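First subunit A sits with subunit B, and in the next complex the same chain sits with subunit C.
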Partner chain A sequence: MRERKIEMEIDDLLNKYFEGETSCKEEQWIRDYFSKEEVPAHLLCYKPMFAYFKNEISIEQNKKKIISGRKKFIYTLSSIAACAVIAVGISTFMHSSNDSCTGNYVMINGKCYTDEATIKAYAKASFQEVATSKDEVFAELFND
Partner chain B sequence: MNLEQFKINVLPLREKLLNYSRKMTEETSDAEDIVQEAFLKLWRIREKLDEYRSIDALATEIVKNLCLDRWRSPAHASSIELDEIKAQAGWDNPERALVEQDQVRLIGKIMETLPPLQQTIIRMKDIEGYESKEIAEITGCDIQAVRMNLSRARKKVREVFLQLTNERKENRNGNRRFA
Partner chain C sequence: MNKKRGIMKKRIRFLLLMLILAGCFPVVCEAQSGLRIASIFDRYGKQKGVAMVELSTEMLETYGMELYKSITIKDSNRALQEIRQCLEADKKGAKKIKEVVEGGQLISGYYQLPVRKEDINRFILFKLSKKGSTTLVYIEGELESDDLITLLFMKKDL
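This part shows the complex of A and B:
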């Protein structure tokens, strides 16, 4: 009795299916029904069609799995790369901040100095280079 | 790109593409099918659409190619392919006992002979799990048009399959009679 009812149901659903009016859920039900061994003789001709769809669905799902696996791999790889870049960035920053001067400083020949005495010595030397002595000034003034 | 973005950025091209397709095919029903097919193709590459400078130009190019394809191979070409399907599936050799797997393969071969739009729609619905409503939204046509194409595709697969199965049965019986 129950089998008879299911058979009627499947007949109705198949009609709906071939009119393009079934939902995905109903189609899933039809595929499951035809994947069972015992199918009434008059419905046997539908078996290969739904078996084909079932096969293709599993192929499609496998493809998706492979793609998502590949995506995961790429994400992991790029996050490792990003971490490496950040690590290099931080270490360069730390390194350069060791050299860098804080507070008042003077750059001489590309180097950074904060020690006042050294700077004064350098400054004096530089002034010496451009300074003119008293004799030179007199010589310049009273040359004629 | 999700469906909402697709509707905003791509679907508004429909009228323009339809006009273009009508001009190319000189046949309104074909023109509508071509536009639907073009939208399904665009939907398939939705993740990459941002890389194109102009979706408009891309869509026009797709429609143009589909029109040319249709012009090169009209729909009735599929009847010629039936013999080919039979040969590939071992269907033309009545002595060979066919297992269920052969019949499943035959269905696949029949699917390949469907007109491209029907093929895409039946794949989306029966394999990829789209609802008819979603396909209608992607192509910008009404749900009844999707159902009609789906129904035609499914009936065609059934029809060709039954035709080939019966033909084979008759051949086998005939051979036995003469043996």
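This part shows the complex of A and C:
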């Protein structure tokens, strides 16, 4: 009795299907119905067609999954690349704005001087400062 | 619709995280110089009461040096502890270490670091003066340990 009812339902749905009036849900139901092993004899002719549709749909869905996975990967990669560019940009900007002092220089109280005489004077002073430890360090050095 | 919003939120969160990381990037780059004392130059070099020198050209050629970097901190109480910690870390693996310690505290130090590039020696010199100022010198070049000692002994001008 129940099977008979289902058969009638599927007949109605098939009619609707061929009229192009079925919803996605109904089409899914039809495909599921024809994917079953047992189908009434008068509907057997539709079985290969819906089996083909079902197969094609699953292939398409797999493709979409792969594409969305690829998209995600490309998105992540491009985000990383964009951030790297931003980081280099920030770094370059910070260096160019803060470290205008490059090459040979002496920075005194945060102020940069690039004239040779001043640099030499301060370099000499700092070198002599560490050299004055003669009595301490060098006595040790020559104990080798 | 909600699902799309969720994805967008996730993407925004991811981008924010990446931007935060990007912000940290310059700091990470600074720390890549390989020596802890680099942070002393970076942190104190532009402060008041500090003189920082960097020489890297023909001015040094005569002495077999390629890079001369020094920092003198007048009132070094605050920096001293940090400098000593940095030296403690940097001297690990040093080829030659000569230190003068008074009352358990490092007063002066001479360190020849392991060679990083072929024929390029690296030295760190440290001295705490009686007046309380600290001088830290980093030298890089072909000069040998003996050459540097001679230079220091002679108190030769750079």
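We take it that the second predicted complex is superposed on the first by the 99 of 144 C-alpha atoms of A that agree within 3 Å, B and C clash if a C-alpha of one lies under 4 Å from a C-alpha of the other, contacts with A are read in each partner's own complex, and residues count from 1 in each chain.
The rule is simple: a contact is a pair of C-beta atoms (placed from the backbone, for glycine too) under 8 Å apart; a residue touches a chain by one contact, two chains touch by 3 or more.
Source: prediction; values computed, not measured.
**Student:** Please work out whether A:Ile108 is in contact with subunit B alone, subunit C alone, both, or neither, and reply first, second, both or neither.
**Tutor:** second
**Student:** Is A:Glu19 touching anything from subunit B or subunit C once the two structures are fitted on A? First, second, both or neither.
**Tutor:** first
**Student:** Name the contact category of A:Val130: first (subunit B only), second (subunit C only), both, or neither.
**Tutor:** second
**Student:** Which of the two, subunit B or subunit C, is in touch with more residues of subunit A?
**Tutor:** C
**Student:** Figure out whether A:Lys120 sits in contact with subunit B (first) or subunit C (second), or with both, or with neither.
**Tutor:** second
**Student:** Just to be sure I read the superposition right, which of the two partners does A:Arg70 touch: subunit B = first, subunit C = second, or both, or neither?
**Tutor:** Neither partner.
**Student:** Looking at the complex, which residues from subunit A come into contact with subunit C?
**Tutor:** Of all residues in subunit A, those touching subunit C are 75-76, 79-80, 82-84, 86-88, 90-91, 94-95, 101, 103-110, 116, 119-120, 122-134, 136-138, 140-141.
**Student:** Using the touch definition from the top, list the residues of subunit B that touch subunit A in their complex.
**Tutor:** Of all residues in subunit B, those touching subunit A are 100, 103-104, 106-108, 111, 123, 125-132, 146-151, 154-155, 157-158, 161-162, 165.
**Student:** For subunit C, which residues count as touching subunit A in their complex?
**Tutor:** Spelled out, the residues of subunit C in touch with subunit A are 11, 14-15, 18-19, 21-23, 25-26, 29, 45-57, 59, 68, 70-72, 98-100, 107-110, 125-127, 129, 133, 135, 137, 149, 151-153, 155, 157-158.
**Student:** Hey, which residues of subunit A end up touching subunit B in the complex?
**Tutor:** These residues of subunit A touch subunit B: 17-21, 23-24, 27, 45-49, 51-53, 55-57, 60.
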